[in-house]
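These notes open a run of structures that come right after.
Here come two complexes built around subunit A, the first alongside subunit B, the second alongside subunit C.
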Partner chain A sequence: MNMKFVVVVLLMLLLGMFLGMQMVKKNDATALSINVAPTGGDFVLQSKYGEFDLKDYRGKLVLIYFGYTFCPDICPTNLSHLTQALNELNETELSRIQPIFLSVDPERDSLDHLDNYVKYFHKSLIGVTGDELTIATVAKKFGAAYQKVTGESEGGYLIDHSSFTYLVDQKGQLKESFPHASDPLLMVKTIRNYLNN
Partner chain B sequence: MWFVISNRFFSVGLILFSGMLTSCSVQDDIAVDNAWIPEAPPSVSALAGYLDITNHFSNTMTLSGAESAFFKEVVLHQTVVDRETDFARMIEQSTVTIQAGQTLKLNPGGYHLMLLNPRQMINTERLIPIILLFENGYQKKVEFKVRPFRLHLEAN
Partner chain C sequence: MVAEVNKQKLSVVVMAAFLIVPVIIFAFFVWRETTLDAVETGVVDSTCDVHNATCEARFNHGGRLLFSMNPRPIKPLTQLELQVQLSNMNAQQVLVDFQGIGIDMGFYRPELKRDNDGFFSGQASLSVCTLDKMLWQATVIVKSEKGVMIAPFRFEVEQP
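After this line comes the complex of A and B, so read on.
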């Protein structure tokens, strides 16, 4: 009788431990997953031209892409799509837009290098970055996820990341997220809708 | 006189030999098409190589890597974008198989050759040689064109 009780208690303990471990695993996964309804919000980061304060861009549409220059495939693809969209716009429209490339790799992306990189894609792009904590906070606000991955190659680490291009309206509100490789003409249409509002 | 004849024989032999070589390379082989590298600012230390690889051999071929004197390292990568979260990951691939008669397309947002730490200037003025390495020891030298990403978008 007593023995049976001990066995039951032990089994329950084991079950508890098992469930507990499962929950820990789940928590790890959610830490990486993307915020469902991101709200966006103001931030201050650094660029080659000094401080970049999103508050200074009220009245302009701001397009934000999170990436890093050591990213040869996804980032150039999305920056090229964005560039194609920007090339469709006239100078007046362009003057009311600020596209930015936000590097989640401040360790390797110096402000000079970042500027050099983004200017290759479009003259109006600004490259911004900051300290790791600030970047993490901004990413969370926008629902952008990223994670450092140390590969087998000697080339250094990679950073897996969300590939949305975010649109912040003239009031500083996050309004749209264009998914990876969005049709540039569709982006132009959406951008014009916000410019004409 | 003797010298002239032997020389003539030699020439005939040479022509025959080169004919054999040509017919060999036209037959079973790995064919490549549309090999290009998106142009990037010179300070960039990671580039991508794209191309279509068609396996004309009668057996499956396994691509196991690539090398180039122009880069410190070349790695096979696959980009996987989660449709729901738009989270993009670059995953190193030790091998990629190509069935007989099939074409493997390395394209932006999919498979690519990750070209690390250029040793020379990579610009539109020159062709970049890269050797594709297959598991069975077969090698294929490919010359990549460097061109703006824009052209790729326009072509689509």
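After this line comes the complex of A and C, so read on.
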């Protein structure tokens, strides 16, 4: 076969791949100007009861809240609203839901401490955390944000963080994000919609 | 002999096309499905303050967008009623993207529902951070068959 011809074909291939990559890259660049919606995704973290793998919860609705136990007011408010919503559900409905409190403060939130904290709000809540890199990756997947702020607080530092409760459907897809202090009844209505579909 | 070589060349070209075309088609669909490429950013009246007024953005083709948030002044951790009114603009979907300026407050983009022709409404609630005052940008995103038009409104919120 003509060598020149092979080179041309290879160049065409490279050009095609280059064009394709440029188009995908363009998407990333756009994401900086108008954020592209996060799509969620699987993750593996640790809980007091062992490894927490989101994949193991297919078939259930998973509610995820990013926070930390030293959080002075925002997290307790959100968890209270979530608890109110969970309390509206019957046992059958509850058995089809897994609420999670994902700590972005692994430095202070030991698995035992995390478990004690979440059980204060609701028996079905599981506290999960992990190493900093994994938490950052998970947060990015869900569009959650947090950053440590050094200041005068009892625990030494605070963490500024977004305050949404994410709803992951039975197929593991991120479907909803409830803003801070959402009306518990509205959450119940949304949860039931997903349970019934 | 020449015919044989030409036939070989042709089959290589066809093979190459089979490899290149799917790459381009795949990239195009990824791009089309996920991108929010703003066709136009509206001109926002910089003197208008969403804390005490309905603010306006104008677009090149004569389109006009009015945006308001209530109750005023805007406070965090309060349910805000969002309203968007469009004139000379068609919209398939209207969303409001909230971003913390200088501090990442996560992804938050509630979709507004269509009330009447050109009228859209929805709710939002802003989170708090440890700063005394925080600058936010509410970007109204109008998706239409012509593309995406955006109107960014900045405002400062005092923390409770």
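As a convention for this text, the second predicted complex is superposed on the first by the 157 of 197 C-alpha atoms of A that agree within 3 Å, B and C clash if a C-alpha of one lies under 4 Å from a C-alpha of the other, contacts with A are read in each partner's own complex, and residues count from 1 in each chain.
Keep this in mind: contacts are C-beta pairs under 8 Å (C-beta built on N, C-alpha and C of every residue); 3 or more make two chains touch, one makes a residue touch a chain.
What you are looking at is a predicted structure, and each value in this text was computed from that prediction instead of being measured.
Student: Applying the touch criterion given at the start, work out whether A:Ala145 contacts subunit B, subunit C, both or neither, answering first, second, both or neither.
Tutor: So A:Ala145 meets both subunit B and subunit C here.
Student: Could you tell me if A:Glu91 is touching subunit B, subunit C, both of them or neither one (first, second, both, neither)?
Tutor: neither
Student: Between subunit B (first) and subunit C (second), which, if any, makes contact with A:Ala37: first, second, both or neither?
Tutor: Second partner only.
Student: Taking the superposition as given, does A:Phe164 touch the first partner, subunit B, the second, subunit C, both, or neither?
Tutor: The answer is both, since A:Phe164 touches subunit B and subunit C.
Student: Jot down the residues of subunit A that show up as touching in both complexes, subunit B in one and subunit C in the other.
Tutor: 33-34, 74, 145, 149, 151, 158, 160-164, 177, 179-181
Student: Under the touch definition given earlier, write down the residues of subunit A that touch subunit C in their complex.
Tutor: 1-2, 5-6, 9, 12-13, 15-17, 19-24, 26-27, 30, 33-38, 74, 142-145, 147, 149, 151, 158, 160-164, 177, 179-182
Student: Would you pull the subunit A residues touching subunit B in the complex into a rising list?
Tutor: 33-34, 69-74, 76-77, 80-81, 83-84, 113, 116-117, 119-120, 145, 149, 151-155, 158, 160-164, 177, 179-181, 184
Student: In their shared complex, at which residues does subunit C touch subunit A?
Tutor: The contact residues of subunit C facing subunit A are 5, 8-9, 12-13, 15-16, 19-21, 23-24, 26-28, 30-31, 34-38, 77, 97, 99-100, 103-110, 124-130, 139, 141, 148, 150.
Student: Where on subunit B is subunit A touching in the complex?
Tutor: 38-41, 43-48, 72-73, 75, 77, 79, 81, 85-90, 92, 108-109, 112, 114-117, 149-150, 152-153
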